[in-house]
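As structure tokens, here come the structures.
What follows is chain A paired twice: with chain B in the first complex and chain C in the second.
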Partner chain A sequence: MSLEETQVQTAGTHQRPYIQAPSGKGRMRAHIRKHAMPYLLILPSLLFLVAIEFYPLGVGLLEAFKYHNRVQPWATQYNGIDNFVKAFNDHTVRIALRTSFVMVFGIVGLSYLLGLLSGVLLNQRLRLRGVYRALILIPWVAPPVVSFISWQWMLNDQSGIINRILINLGIIGEFDPILWLADPTLAMVSIIVVGTWSRFPFMMITVLAALSAIPDDLNEAAAVDGATPFQTFRHITFPLILPVSVIATLLQAIWVFNDFGLPFVLTGGGPANATTPLILLAYKEAFQRFNIGYGTSLAVISMVLMLALGAVYLRLQAKQQGEMS
Partner chain B sequence: MARSRKNHGLSRRSLIGGMAATPFAVGGLGNTSVWAQEEEEPGATPEPTLVPAPDAVQLEFWDMQWGSAAFMAAMQNLVTEFNRQHPEIYVNFRQLAWGDYTQKLLSAVQAGTPPDIGGGDSGIPFNMAAQGEALDISDLYEEWQNDGTFDDMKPWAYEKWQDFQGTTPGITWQLDSRGIYYRKDLLEEAGVSVPTTWDEWRSALEALHKPEDGLYALAVPGKQGSYDTDQFYMTLAFQAGARLADEEGNPTIDTPEHLAALEFEKDLVTNFAAEGTPSWTFTEVMRAFEQGNAAMAFGGGWFIEDIRVNAPDLFDKVGLLPPLEGPGGPESQFIVSFANPWMIYKQTEHPEEAKTFLRWMMQPDNLMQMYSSEPGGKWPVYNSLLETETYQSNELIATMAEHTLEYGVDYWYPNTAAAVGIASMGTTLTDLVINPVITGNREPKDALADAQAAVEPLFQRQDS
Partner chain C sequence: MMVTVSEKPVVPAQAHDLNTSGRSRRRRRRVHGGKIVWSIVTHVLLILITLFAIAPLAWAMSSAFKTNSEILTGLNFFPRNPTWDNFAFVLGSTEFPTWLRNSLLVAFGTTFLALIIGSLGGYAMSRWRYRGRALYGNTLLIVQMFPGVMLAIPLFLLLSDYGLIDTLWALLVTYLTFALAFSVWMLKGYFDAIPREIEEAALIDGANRMQILWRIVLPLAGPGITTVAVFTFLLAWNEFFFAYVFLASPGKYTLSIGMYSFIQQFTTQWGNIMAAGTLTTLPVLIFFFVLQRALTRGLVSGAMKG
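Presenting the complex of A and B:
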């Protein structure tokens, strides 16, 4: 039914024409007719997403509510929320969660500070600025596993280059190595240092992008008004890059929380489970002990926590876009 | 747990080459052998494979990256030779990396596309059989029994797989042994004779330990998450008379025998090993030994060739301790020697052809082609091969081969009642027991209780 057709003149008192709203069915049909092409165009992507994202996710979610060990197929059955109850009562899981958060706060905090510092420095008019920027990107573009294995060599207590340098400088004794990877506290420090090294370039790029969007005249005006460089940074630059920083930090937090490779390669989760985050524990349950159900439930806990962070991220992004528009 | 693997270490010479090669190693995470290939080894390139005949039955054979390029080339050549001799069958060999082979095999089984014949860790046929995915090869066993093959074979190599839940899911094609290497010259200097018991060993370590001179008496792996770590512990556990399960298939980790082994390991690591041991794998162990920083080292057969190549000055000064007598007495004088299998997957559409292939591969002469491609890399399942040039080429190899056949057992010994549970332990012993204890974060008794509780569900059986 076209709009013209719906235009009905009522008899008697109502002289002015009005438009009768189409019925629900008609509205839907009109909408589909108008928007069919866009839906058709996104259909392959949707199907693809369903196949590789939502279907496995659905299967995974179901697994989390099962006792399912690959080598005990006869024992597979839905067990309600038993896996989650077990997880929340499991001391190892609590330690792993704590480890995950320590990694997140340590790596994200330090990589932001370092990224901010290097971003601000490389935003200055320096000679060979482009070269420095490219060099700083190396940790980020290098394949993570390669980097982590190299770090593992460097941090080796007996023959690692870091202890060698410290010995040569006379800082530590020849036979008194620092146990970078064998002491629980130092192992966590090593994880945070290596994680920071590999992730701060992303922060630097983000900060640089935000800095380049700040008009020069703002800084010039501040300078004319007598603001020191620190005051300019604190009251003008930093507030302007803060929204982008928050989003980048949240993204990093999600990535670090899910970072399996770093602890797996560098420490294997040890010593004494000191560097086993939740995601590594989930892997060990699922793929080393074949405990697919329980391992999946740990992964689901991780996913829920990350979804919460993701929701914050999306909200902030929407707010930021609102402010920009 | 119980993953027997070729664990090449990093030699000094390979370090630089390895750094250059690291980008290529990403896909093989967990498989350090990539770096140990210092240069193109002789025989490292396999011969060209054949093209399958149009009507040939095609089989997929998947196995692990067991050794150097030369070893893997020998494996491929053997498959090619089979294809040449059997034009009606064409076997396609695919190497799996250690990093993700479990996931690959499980996914393939799930997707209905497993290989026809496969290898893997020393427990994989049990896991596959438990999922109903292993073909029963008891008819082949009967043949081998009747034709005398088993008379020449180390009994544990076939007994391990016999009659597991009513089927025979695999056959051992190679043994992968661990032992304790020692420096003869240092022992002589200290005026100590070669130890044969735990007490003598401890005394010898006491005499050898000179950390102030940069010499640790003992180098052993202790890293969390590493399969290397539990191998030293299990050597001690066997010698203490401990087993992982009883005859009914119940886990027996929390026992006085295990406690004796664990307390002894803690004592050894605390008093005679480098402080960094809780982060060491075989790579660090071998490096410490080859650099002269350790008087004794626990390691695999591949240490022999690595020492010969990277520390030639040491080679003649190195010996192999005999299997030690611990609290378990002479009847528990074992070394860890993984019985690594081949199996046929139940989903194969060509079981007879797959058996033909397995039968042919298991012939001593054919296996010998692989064994001889990397002397010391793998140990034979057949006693008669001990006399071959490969296993008599030097004293270390001859000794390790002899120890393997006489004293070698793996984690499933002596029965398979708990086979699936043992094969599913992953790095539980390392993560919950050994590493926390040697770092001083957990008392031995408590750690064993933790592990016992953790593995009990894995040991549940359908009939229990």
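Presenting the complex of A and C:
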């Protein structure tokens, strides 16, 4: 940084070169300094991005085209698109993909509805507003493993509080518990409910932030014109929060699709493979069956799907920022 | 409100006017009655939603204070004979304290580094236009969409090659990288709001860019620093997947992996498991409630940016 210290000149910003650069050699140095500085600043983060994201990604992309099983490392070799062909013909993969989509649609849809409802309710002058908001945000900050374990226990068919309450109320028989996590359909329902539980607070604050950006006079004007609250919401409020909602929903879809902890901790992907989304299947192939190559190819498939969503997200994001500025 | 309406002198200039004001009075009364109903509905709905939100953790925490027999038979929420036994067991007879230490090390280490590296990147994003700026910013956003599993498999192989697997370092560098997008973008936003004049003055006084960043810009971006710090801490504290893949020996576990190993180990001793869960959750909740306002504001804008 010694060079920097002698340099008082144009290390300024792009917008305001507030002091004239000196002539000759000094200007040259100033020029390099000025242009090198931002790159020096982003260098550390770039190093980590390359080492932890892009390099592994590249290695992973290669692995996806290999036969690589850790049980028989000597047999490792490139096998072209065999892994992908295998994946497309694999019944388990198809089911896992379906499970992923059911999870994404169920959780994202329900968490948006619940988040929207809570957001609209909390966007009023209200007693205890801050308390409600803080408590509703708990699922979002609490360690997921702890929450999912607690849910798992609550949903347990023998010792879970939910079944015990139902038995106590006489709704179900003592020896006829509801198999919340052991019945394939109910396990999926449980996953969606718990997923909604963990995701709706994010939707709520997003909606709340969008709602608070709407000027009050807009709603008042609508009320003066004789619009019912529902009409105001439908024709004024909702269209205004729609852009933010779309982005939040997309992001959420990506997160839910990549969510490993929820199915892994809550159901372990079972019973059988009923609640195993693609991401969990990729993990199981790679780390439990040691099929590194095949597991990676499944991860690549899910990544391609997510990048498509991600591209839409970035597009909308850029569009919205363009509108705002 | 009703009183003012009825007390308002109505000038009966025209019958038509009188008529409308009478109608509007009725209507206002109806609206007012509707308001009370609506406010009740609001509170009922919000209470239900809140109960849904807090149920699992509230139940976990209350169970942590119950005796084993009460846990297996009771339906009551509040413990009848509150006991510290579960906590004593978790803290005294398990590796929980080691995991707590590991989690603290990783979380604070990640936070510290993410703040330094993130503020460098954020400063570059905020104060310079340069070739590759947009690419850098978008790359930060895009990498967040890489599925964890996609990265975990090759990272596992790579870290094994370098002997870093089953160490806390593996987690530290991974979490740090994941926190970068948020820290860079978040801090950029806060830096943008700091007037350049202050820096210009310092530049003229002979300070260099790094001095300006550390001594002038960062202190002014205090709320941003807090938000990034808490977010990074939460990320590192709560993360499960990579810790599960990278860590093999119980002595290296972080709390979330330790919790997961508990349900394998003490399958039905829910009191102990829930005591561990309570201890794992408590720091997060305290953090959150103290900094709630700044945090939610920051996190929403941050999440919307990336």
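By definition in this document, the second predicted complex is superposed on the first by the 291 of 325 C-alpha atoms of A that agree within 3 Å, B and C clash if a C-alpha of one lies under 4 Å from a C-alpha of the other, contacts with A are read in each partner's own complex, and residues count from 1 in each chain.
Definition applied: a contact is a pair of C-beta atoms (placed from the backbone, for glycine too) under 8 Å apart; a residue touches a chain by one contact, two chains touch by 3 or more.
Keep in mind that this is a model prediction, so the values were computed, not measured.
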item: Side-by-side fit of chain B and chain C on chain A, or clash; value: clash
item: Chain B versus chain C as contact partner of A:Ser159, first or second or both or neither; value: both
item: First, second, both or neither for A:Leu307, with chain B first and chain C second; value: second
item: First (chain B), second (chain C), both or neither touched by A:Phe287; value: both
item: Partner chain(s) touched by A:Phe202 [first = chain B, second = chain C, both, neither]; value: second
item: First (chain B), second (chain C), both or neither touched by A:Val265; value: both
item: Chain B versus chain C as contact partner of A:Pro184, first or second or both or neither; value: first
item: Between chain B and chain C, more extensive residue contact with chain A; value: C
item: Chain B versus chain C as contact partner of A:Val71, first or second or both or neither; value: first
item: Contacts of A:Ile149 with chain B and chain C, given as first, second, both or neither; value: both
item: Which superposed partner A:Pro38 touches (first chain B, second chain C, both, neither); value: second
item: Candidates 7-15, 133-141 or 259-267 of chain C: the single one with C-alpha clashes against chain B; value: 259-267
item: Contacts on chain A seen with chain B and repeated with chain C across the two complexes; value: 143, 145-146, 149-150, 153, 159, 264-265, 287
item: Chain B-facing residues of chain A, complex; value: 69-75, 143, 145-146, 149-150, 153, 156-159, 174-175, 177, 179-182, 184, 187, 264-265, 267-273, 276, 284, 287-291
item: Contacting residues of chain C [partner chain A, same complex]; value: 39, 42-43, 45-46, 49-50, 52-57, 59-60, 72, 75, 116-118, 120-121, 123-125, 127-130, 132-133, 136, 138-143, 145-158, 173-174, 176-177, 180, 184, 196, 200, 203-204, 206, 208-210, 234, 237-238, 240-241, 245, 255-256, 259-260, 263, 268, 270, 273-274, 277, 280-281, 284-285, 288-289, 292, 296-297, 299-301, 303-305
item: Interface residues, chain A side, partner chain C - complex; value: 1, 4-5, 7-8, 11-16, 18-19, 35, 37-39, 41-42, 44-46, 48-49, 51-57, 59-60, 63, 114, 117-118, 121-122, 124, 126, 128, 132-139, 141-147, 149-154, 159, 161, 164-165, 168, 197, 201-202, 205-206, 208-209, 244, 247-248, 251, 254, 257-258, 260-261, 264-265, 279, 282-283, 286-287, 292, 295-296, 299-300, 302-303, 306-307, 309-310, 313-314, 317
item: List of chain B residues in touch with chain A within their complex; value: 10, 15, 19, 22-23, 25-26, 29, 102-103, 106, 126-127, 130-132, 211-214, 222-226, 274-280, 284, 287-288, 291, 293, 420, 423-428, 431, 435-436, 439, 441-442, 457-458, 460-462
